[in-house]
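A quick write-up on the structure given underneath.
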Amino acid sequence: MENKNQDPKIVAFVCNWCTYTGADLAGTSRLKYQPNVRMIKLPCTGRIDPVFIIKAFEKGADGVLVSGCHPGDCHYNAGNYHARRRWIMFHKLLDYLGIDESRLHFSWVSASEGKKFVDVVNAFTNKVKAKGPFKKYENINKEFVING
Amino acid sequence: MQIGYYPGCSQEGTAKEYDKSLREILKILNVDLTEIDDWSCCGATSAHVTSHKLSLALSARNLALAEKQGMKEIFAPCAACYNRLASSKTELQNHQEQKYEIETIIEEKINNIPEIYNIVNFFQKVGKEKITEKKKTDLKNLKAACYYGCLLVRPNGINTDDSEQPDSMEEIVKATGAQTVDWNFKLECCGAAHSIARTDIVVDLSKKILDDAQKHGANVMIVACPMCHSNLDMRQKNIKSKFSDYKVIPVLYLSELIGLALGLSKKELGIDTHFIEFDLPIKNNVQEEVSA
Amino acid sequence: MKIGVFICHCGENIGRTVDCARVSKAAGFFPNVVHSVDYKYMCSDPGQNIIKQAIKDLQLDGVVVGSCSPHMHEKTFRKAVADAGVNPFLCEIANLREHVSWVHDDMDVATDKAIDLVRFAVEKVKRNAPLKTIQVPVTKRTLVIGGGISGIQAALDVANAGYEVVLVEKEPSIGGHMSQLSETFPTLDCSQCILTPRMVEVYQHPKIKLLTYSEVEKVEGFIGNFKVTIRKKARKVDDTKCTGCGDCMQKCPIKKKALSEFDENLTTRSAIYVPFPQAVPNIPVIDTEVCTYFKNGKCSMCKKVCGRDAIFFEQEDQMLTEEIGAIIVATGYKLYTIDKKPKNSEIKGYGEYGYGKYKDVIDGLQFERIASASGPTSGEFKRPSDGKEPKKIVFIQCVGSRDESKGFSYCSKICCMYTAKHAMLYKHKVHDGEAYVFYMDIRSGGKMYDEFVRRAIEEDGVKYIRGRVSRIYEENGKYIVKGEDTLAGVPVEIDADMVVLATAMIAQPEASKLAQTIGIPYDKYGYFVEVHPKLRPVESSSGGIFLAGACHSPRDIPDSVAMASAAAAKAMVLFGSDMLEREPTIALVNENLCAGCFYCKKVCAYNAIEVKQIFDRQGNFVKEVAYVNSGLCQGCGTCNATCPSKSIELIGYTDEQIYAEIAALM
Amino acid sequence: MSHHNTTHVRTISDDISDITSQNPELCYQCGKCSAGCPLRNYMDEAPNVVVRYIQLGLYEKALNSATIWLCAGCLTCSSRCPKNFDLAKFMDAVREIALRNGIKVKDKNILKFHKAFLRQIKNHGRSWEMGLVKDYKMTSFDLFSDVENSPKMLLDGKLNIFPHNVKGKDKIKSIFEKTEVKKCK
Amino acid sequence: MDDIKTVAKELLTSGKVNAVIGYIRYGNDKRTKPFIAQKPEDVDKFVINNFILNNLAVYLTRKEVSKLGKVAVIAKGCDAKAITALIQENQIKKEDIHVIGINCNGVTKDFDIDFNSENIAGKCLNCDVRTPKLCDSLVGALADIPSGEDLKLKMIRGVEAKNAEERWDYFEDEFNKCIKCYACRQACPLCYCEQCIVDKSIPRWIESSATKRGNFSWNLIRAFHLAGRCIGCNECERACPMDIPLSLLNRKMAMIAKDEFNYDAGTDMNAPTLVGSYDLKDNEDFIE
């Protein structure tokens, strides 16, 4: 099951109360999943700024996973609702600009959904793996242009 | 006002008078109908009870034709056709995959399915005040039991009217000057397509409906569906032969009632082709005016 | 910065799949890391001592521990670091157990990931700032919202422990739905007989400030330090003068205009009224909607007859503010109404049951009033339409409950019991009467509950039919109820004289508004949400706000009372100390950069953003900027993400820290 | 449809889910459908019992019931179902599967009527009552019912002697060929 | 034309405002420039024609203007939307300004060209605010305006029809032209931040130099920061010296806002902003 290769590179932005704890539960339950995801813990999905996602892609991430509390479960009442509204606009913008939608995945994973966390990570890892490295961004990274 | 017209097969056969009366009154009300060119059967009950896809495809063909002919809204007077078309519309809109499959079957593309009106929606759109304006005959002695049947307001949400206590047909009927009665079996089933194969059932069910309407004071039934009409009208003979004390009651299409209000004769409206022969307690004002 | 890295083996839990020595060695090469070790149990005393010793020996000013989840031992390690003289917030945890060793099998892969995680933590700690926990005092006063049985119980418990309570009830009297009930299951003791003494106790309690006919308007502040604004609605009666003699009500010429809320619209009441004779306080209210004086200024009969000159037409709503430490929300429920199809509501209503078209198709609370000795029929069974004694009653359960089409998908929990009680009460009084109950499942979990239902069936002869009713219609003065007995598989038709619908318990229509006012979450039905369904069932996720009774979910009297006492206990736990400690994770505004668009204010769920005006040295107004009230901010960071110019930052999770983590990933 | 990791053998229940886009397990057997069904008294099984058979995997019992053929599709059940389960659609699907499996229909004439009706449409594009009556009577041997009604209808011009053929007749035939439910071999 | 002058003069002479921001002719007949009139006689130079291209709302948040105290501003319907949005976002207070709305008969794409169906600005084609929604006085009369083809919408549809890779290539090429002159930001009435995120150095989220990646991210984030806020005056695109079709981004975002939330920016100063509010029923089909 396990993928020895460190590719693809996947960054996850998760909230402390639900998804991070859900990942803890996956651990406590000894569920196995692919090791490509690197998680950055934030207090709330409301804290996840779209620039984080852009930066992750710029730095060469092949996929970005965003996850937090289900609607209604937010530890801070409404952070995830605000986040959701931003994401609606943001993911449509990225899609329009030609960033493959399948490289950015949003999910709700609660503190009790260790299994779902594993499923989400595995499915997303496989999806990104199938897509291959995010060449477009890698190429754009290397060039420096001066316009006349 | 121009609206696409989907008559449905019955309008050409057993329900010729429905079609005839509609065309007559729409002349008076200045509404143009454009028949969908080369429309075909919606599949009716027989299609959906045997093959879901067939039923969808047959309805979809007509919707696609209407769209292709530039129609934004279509009117299906037969409640059963209306229900088939409207249900198919909902299904095609909500299930993309199904839509693609049906598109390949019918070899037509479906993009913007027209708005579909049943006869009540249609007259709401035409404006019931138009009927009141052009009213010539006094129908106040008519006590109408509006019979919606199964398919006019069901399922829930297909229509703006309530699927349990509808009153939209009453609104139109009141505009003709007739009275309406409150009764219990507005939505009860008459047995529908079992008419020929299981006449026994249809006789029982229709009798229940007709009895209840009369018990609540009705002297005329108003229907919006050729199937209901044929069951309630034609089957009264069977009821009468089974229950000798049964009293018959005239069954009119909503369009025929409106026609009467607008001063058209029974013959002009095709009412003379009904099985139940009857006289209605109505007066024609026009004649009075002429004699006065 | 000098950083020490400490890798824990957690016995074999981490060590089995992560090569801890390799991790520690790799970490030693990270910039700023001056010390790096691994050890069997970092959380043990010797383990903690290793950290403390290293801090002292090497003058470390940053610590990264690679161990179990921060949710497990972050506090432990921060304390150890603090003990050694370093600010505890300069300690970060890399989660090598839950997120690495327990979820991966391959040692190389796991070790590589562990090294990555330690690197992020090192990058983050470099940018951490020394912080101080926030200390706040506690106001030892409780606000109870809602004066039903839950609110009464909670208020009495807290007050009897010696703490002050403010009890707010929106109706003119406390008592709630329980005061309307006839008897209670499963004991069949009289509801009012057990409730009214408690109502009086509340009224007379020296520690309870009772505010009826009042509503919570605004809640500011935070746990231990709420400032609550309460609207005391104008009764138009001076409560300091009124003696509750009732002369005004008797003389009020308007007797039939208003339907009695207490009698569930089965009777009428005067324009000046107390909801019911045992009302607490026994002070009337003028219903300005129907009172002739307020319509055209003509009548003032009540004013004339009042011997105490207590009628006060000009009285206006009053705003009171209260300093509060804990809030107990006990706003109760409403009954799904079948009166008519509710306009602009998602509730579709039951057209097939007649939408309240039929007078003798009533709901459970109406039945309670009919059955009650103090009710409109003095407890005799008479049907509303013609006052005749019903000889056949059909009870229908799950009307609006477990019905996602026309109601709600949840079970209202109490209907099985009260329907059995209703049928029983009826059979006890009308011996030759027939009672039928249509049910889907009988849910009678509870002490002596199932026995009670069985008694109704076995001893009192109530006929239970398993199936939902499809339709009710009137025929010859009878109500034809069409059902199906799904056990026998036969259709059932009953010609009943009366039908009682056990309609769903639903959240108060204004619950979501109240939730937003006080800042607690609510579910899609409008019920308030607890912070943890198992272990913290009476706490809301907002600190210091507790839940009691049916405002949380459908529940019966014993459950509500138990929950109220639990909420009271939680409030008293809070009052056990004089000061509270809070994490310093709060937002901070860069006033130079802030352009004052206040998007931060819009997204703040805690009203923690205030408007601050900036003046130059000459005192000229320059601009408006956002200002964070550190007492209110809970540290979610939504403001930070929303701010287009990043002029507001969340301490502990700054842009700089997160940037460093992202950069370290690749 | 996704199922457990183990290989899943397709069942009739899955077919129904696919045709109707709804899971038969949604039904919690409250019986409101049966309570309101206008044809309940003529049925051998209550409608909710037919659903129960499918839920339990007792497919034979469901497919052989007369109930599925007596359902008139009046939608009373569907519009009142507390679970928003479209039972009328479910019945359509069960019938379809019964046909596919070549189940002997209890109330034969009902099916014969439907088949006769569909043959008119397949051949002409629209229903032709005269042909329908002829066809039905020939297949059902129900020769003498309604003979008293026909002359009046003929006189009123309601029974057309010749069918109307739509222009897209061939297309309709092809629709039928692509969608008609045939008995599985 | 007297109308605007009368109104402006009255406002100045009566002391209701201290300045009126309007347009004066500049160079030739087919060119105007913004002008701040502080004396009644200044007003005589004001013109209103099909060449009043600038969105004057941009000046309302400038320190130099806010110092003047209460000012009046001439606003086309689109400009008035910007003012509405600025009020919504607390940048100006309604009571501090007087909006002189004009019944707008369309403007050209740029200066120095004839006003005709070919040159009419795209935003004017399906304009729903030819009479501004927000105004304290209203001048001018509506006349028929030329109709033309909505080329930008066609371009958006064209981009939508491409696959993801083609879209990326398209935008990468367009953004490669960017020289990071920030004329777009300067022209935008809603770019009022004290410090733009692109200028923030700790941390440096967006590279400020004209690198390919910096260009891409800058244009992306600018579109996002304007999502639900851009009122479609299209001044950014006109200002862009490299002819990057910025409206393809901003207008697309406005279309998404309309589709998803039925939200139109700048139509109601009391409405909650798109970002900054939420609905329990917001679409979450894309969230697992």
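We call the chains A, B, C, D and E, going by the order they appear; numbering starts again at 1 in every chain.
One rule holds in what follows: a contact is a pair of C-beta atoms (placed from the backbone, for glycine too) under 8 Å apart; a residue touches a chain by one contact, two chains touch by 3 or more.
The structure displayed is predicted, hence computed values, not measured ones.
Asker: Can you give me the shortest step count from chain B to chain D, moving only between touching chains?
Answerer: 1
Asker: Return the chains common to the contact lists of chain A and chain E.
Answerer: Chains touching both chain A and chain E: C.
Asker: Where are there more C-beta contacts: B-C or C-D?
Answerer: C-D
Asker: For which chain is the distance between its Cα centroid and the global protein Cα centroid smallest?
Answerer: Smallest centre-to-centre distance to the global C-alpha mean: chain C.
Asker: Determine the centre-to-centre distance between chain C and chain E, using the mean Cα coordinates as centres, and give it in whole Å.
Answerer: 45
Asker: If you average the Cα atoms of chain A and of chain C to get two centres, how far apart are those centres in Å?
Answerer: 33
Asker: Cα centroid separation between chain A and chain B, in whole Å?
Answerer: The separation of the two C-alpha centroids amounts to 56 Å.
Asker: Residues of chain E that touch two or more other chains: which are they?
Answerer: 197, 205, 275-277, 280, in rising order.
Asker: So which bits of chain C are touching at least two other chains?
Answerer: 352, 405, 524, 603, 642, 655, 659
Asker: Residues of chain B that contact two or more other chains, please.
Answerer: 156, 163-164
Asker: Please list each pair of chains that are touching.
Answerer: A-C, A-E, B-C, B-D, C-D, C-E
Asker: Which part of chain D faces chain C closely enough to touch in the complex?
Answerer: 28-37, 40-41, 45-46, 48-49, 76, 80-84
Asker: So in the complex, the part of chain A that touches chain C is made up of which residues?
Answerer: Touch residues, chain A against chain C: 2-4, 6, 9, 11, 20-21, 23-28, 30-33, 35, 38-44, 46-49, 52, 55-56, 59-61, 72-79, 82-83, 86, 118.
Asker: Mind pulling up the chain B residues that touch chain C in the complex?
Answerer: Going by the criterion above, the answer is residues 156, 162-165, 184.
Asker: In the complex, go through chain D and note every residue touching chain B.
Answerer: That would be residues 19-21, 38-39, 42, 70-76, 78-80, 86, 88-89, 91-93, 95-96, 99, 107, 109-115, 117-118, 121, 125-129, 133, 136, 140, 142, 145-146, 148-149, 152-153, 156-160, 164, 166-168, 171-172, 174-176, 178-181 of chain D.
Asker: Hey, which residues of chain E end up touching chain A in the complex?
Answerer: 159-160, 162, 164-172, 176-179, 197, 205-206, 210-213, 216-217, 220-221, 223-224, 227-228, 242, 249, 252-253, 256-257, 260, 274-280, 282-284, 286-288
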